[in-house]
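As C-alpha cells, here come the structures.
Next come two complexes, and both contain chain A; in the first it sits with chain B, in the second with chain C.
On to the complex of A and B.
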C-alpha cells in the first residue's frame, strides 16, 4: 500500500526527448500539463469563434469566465487590471484544471500506467508557478514605477525595512509555492487512501471536497494573492 | 515530489508562457475588447436615445409655439378683417343713406319746381280765362286800363289763395 501510494505521489519520466545528443527526460507532470493546455487552448478557440456584439451560447460561456476574472482582478488592481488580467486568468484557469484533473480519470485510484494526476502535487511545478508570479510582480513594479521607483520601494516606508522588503521577494513565492503544493498533495494523498480503503461510493462524495472544492479554492487563492502582490508593487 | 527537477521546472515555465500567450490572444483580449465595445455601443445608444428625446421635446415646443403664433396671427387677421368689414359696412350704409337722402331731396325739389311751374301755368290760364270771362261779362267797357288793373288784382288774389 505504501509503495503504491509513493508511486502515485512521485513523478515519473514518461519519455525522453533526444535533442542534439542531449537527453531531456519529460515527466508525466509535463505530459499532464500539455493535455490541460491543449484542452484550454482548444476550448478558448472554440468558445470565441465568430464573436459578435450579440453573443451566442458559446460566447456567453467565454464572457462569463472572462468577466469573472476581470472583475476579480479589477477589485485588486483598479487601474492597471487590463495588463494583468490575462496572466492571472491564465494561471487561475490552469490551476483550476490542474488541481481537479484527477477527477477526469476514467478509472480513479492508484492503478498502473498513465494516470491524470494533478501536476501541482510536485513542488517543482508549484515553485515554477510561484517564481513566474513573482516575476510578474517585479515586472509590474518596474513597468509602472520605473527602475528607480522600484528600487526605492525597498526602503519604504523607512530604510529599516530594507532587509524585510528583500525577504518579501523570497517569502512571497515560497509561501505561494508551498501552500499550493501542500494543499494539493495533501488532498491527493487523502483521495488515494480513500480509493484504496473504500473504492466504491465514498470517493464520489469526498472527491467533491478534496478534489473540486480544495482544488478550485487553491487556484483562487493563488491568483488572488498574486493580484494582491501586484497591487502592492504598484502602490 | 520534493526532488528538485530542473527539466520539469523549465518545461512548466515554457508551458505557462505559451499558455499565457495563447489564452491572451484567443480568450482574454478578444472577449475583453468585445465587452468594452459592447459597453461603449450601449452607452452610445443610450446617449443617442436621450438626444433624440431632447430633440423631439424641443421640436414639439417649437411646434407648439408656432401653432400658438399662427393662432394669434389668425385671430389678429380675423379681427382686422372684421373691423374692416364693419367699417366698410358702415361706410356703405352711410353712403347709401346719403344717396337716398339726395335722391329724396332731388325728388322733392323736382316736385316743388313742377308745382311752381304748374302754378304759374295755372295762373296764366286763369288770367286768360278771367279775361275771357270778364270780357264776356262786361262786353264793351272791359278794355279800359282801369278794368284791366282790376282783373290783374283779382288774378293776383286768386293766385295768392
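On to the complex of A and C.
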C-alpha cells in the first residue's frame, strides 16, 4: 500500500524527446500541464470568437468569468487593477484546472499508464508559481514607485525594519508555495487512500470536498494573497 | 528502538501542529458566526475574510503535514 501511494505521489517520465542527440526526459507533470494549457487556449479562442455588443451564449460565459476576476482584483487593488487582472486571472484559472484535474480521469483504475493527477502535488511546480508571483510583486513596486522609491520602501517605517522587509521577500513565496503544495498533496493522499479502502460510492461524495472545494479554494487563496501582496507593494 | 521507529514518532509529533490550526479556525468561525448573527447584511464580506483567515490559519497545519511527509518518505 505504501509503495502504491509513493508511486502515485512521485512524478514519472512520460516520454523522452530526442533533440540533436540530447535526451530530454518529459515528466507526466509537464504532460498534464500541457493538456491543461491546451484546454485553456482552446476555451479562450472558442468563447471569445465573434465578439459583439449584444453577447451570445458563448460570450456571456466569457464575460461572467472575466467580470468575476476583475471584481476580485478590484477589491484588493483599487487603482491599478487593470494592469494585474490578466496575470492574476490566468494564474487562478490555471490553478483551478490544475487542482481539480484528477476528477477528469475518464479511464478508471490501473496503476500502469498515464493518469491525470494534479501537477501542483509536486513542490517544484508550486515553487515556480510562487516565484512568478513574487516577481510580479517586485515589478509592481518598481513600475509604480520607481527604483528609488522601491529601495526606499525597504527602510519604511523605520530603518530598524530593514532585515524584516528583506525577509518578507523570502517568506512570501515560501509560504505561498508550501501552502498550495501541502494542501493539494494532503487532499491527494487522502483521496488515494479512500480509493484504496472504499472504491465505490464514497469517493464520489468525498471527491466533492477534497478535489473540488479544496482545489478551488486554494486557487482562490493563492490569487487573493498575490493580489494583497501586490497592493502592499503599491502603497 | 530502531531508527524507523524514532522517525515514525517524529512524524507523529510533527502532526501535532493540527492542534493550533484547529483552535485557530474554530475561534475564527465562532467569531464569524457571532458577527453574522449580529449583522446579517454583512454576511458576504464576513464570509470572504473568514475563508482567507481560515486558509492562513490552516497553513501552520500544512507545514506540519509537509514536515511529517518529508520525514516519512525521505528518511524511512
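Here is the rule we use: the second predicted complex is superposed on the first by the 229 of 235 C-alpha atoms of A that agree within 3 Å, B and C clash if a C-alpha of one lies under 4 Å from a C-alpha of the other, contacts with A are read in each partner's own complex, and residues count from 1 in each chain.
Keep this in mind: contacts are C-beta pairs under 8 Å (C-beta built on N, C-alpha and C of every residue); 3 or more make two chains touch, one makes a residue touch a chain.
Note that the coordinates shown come from a computational prediction; the quantities given were computed from them, not determined experimentally.
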After superposition on the shared chain, which partner residues are touched by A:63: those of chain B (first), chain C (second), both, or neither? first
A:9 in the overlay: touching chain B, chain C, both, or neither? Say first, second, both or neither. both
First (chain B), second (chain C), both or neither touched by A:186: second
Looking at chain A, does chain B or chain C touch a larger number of its residues? B
Once the shared chain is lined up, is A:217 touching chain B (first), chain C (second), both, or neither of them? second
Please indicate which partner A:175 is in contact with in the superposed arrangement: first for chain B, second for chain C, both, or neither. second
Go through the superposed model and pick first if A:78 touches only chain B, second if only chain C, both, or neither. neither
Show which residues of chain A both chain B and chain C reach, each in its own complex. 9, 185
Considering the complex alone, what residue numbers of chain B touch chain A? 1-5, 7-9, 11-13, 15-16, 18-20, 22-24, 26-32, 34-35, 37-38, 41
Could you please specify the touching residues of chain A with respect to chain C in the complex? 6, 9, 175, 178-179, 181-183, 185-186, 217-218, 220-221, 224
Within the complex, which stretch of chain A touches chain B? 9-11, 24-27, 29-30, 33-34, 37, 40-41, 44-45, 47-48, 51, 53, 59, 62-63, 65-67, 69-70, 82, 85-87, 89-91, 93-94, 119, 121-125, 127-129, 131-132, 185
Which residues, counting only chain C, touch chain A once they are in their complex? 51-52, 55, 58-59, 62-63, 65-66, 69, 73
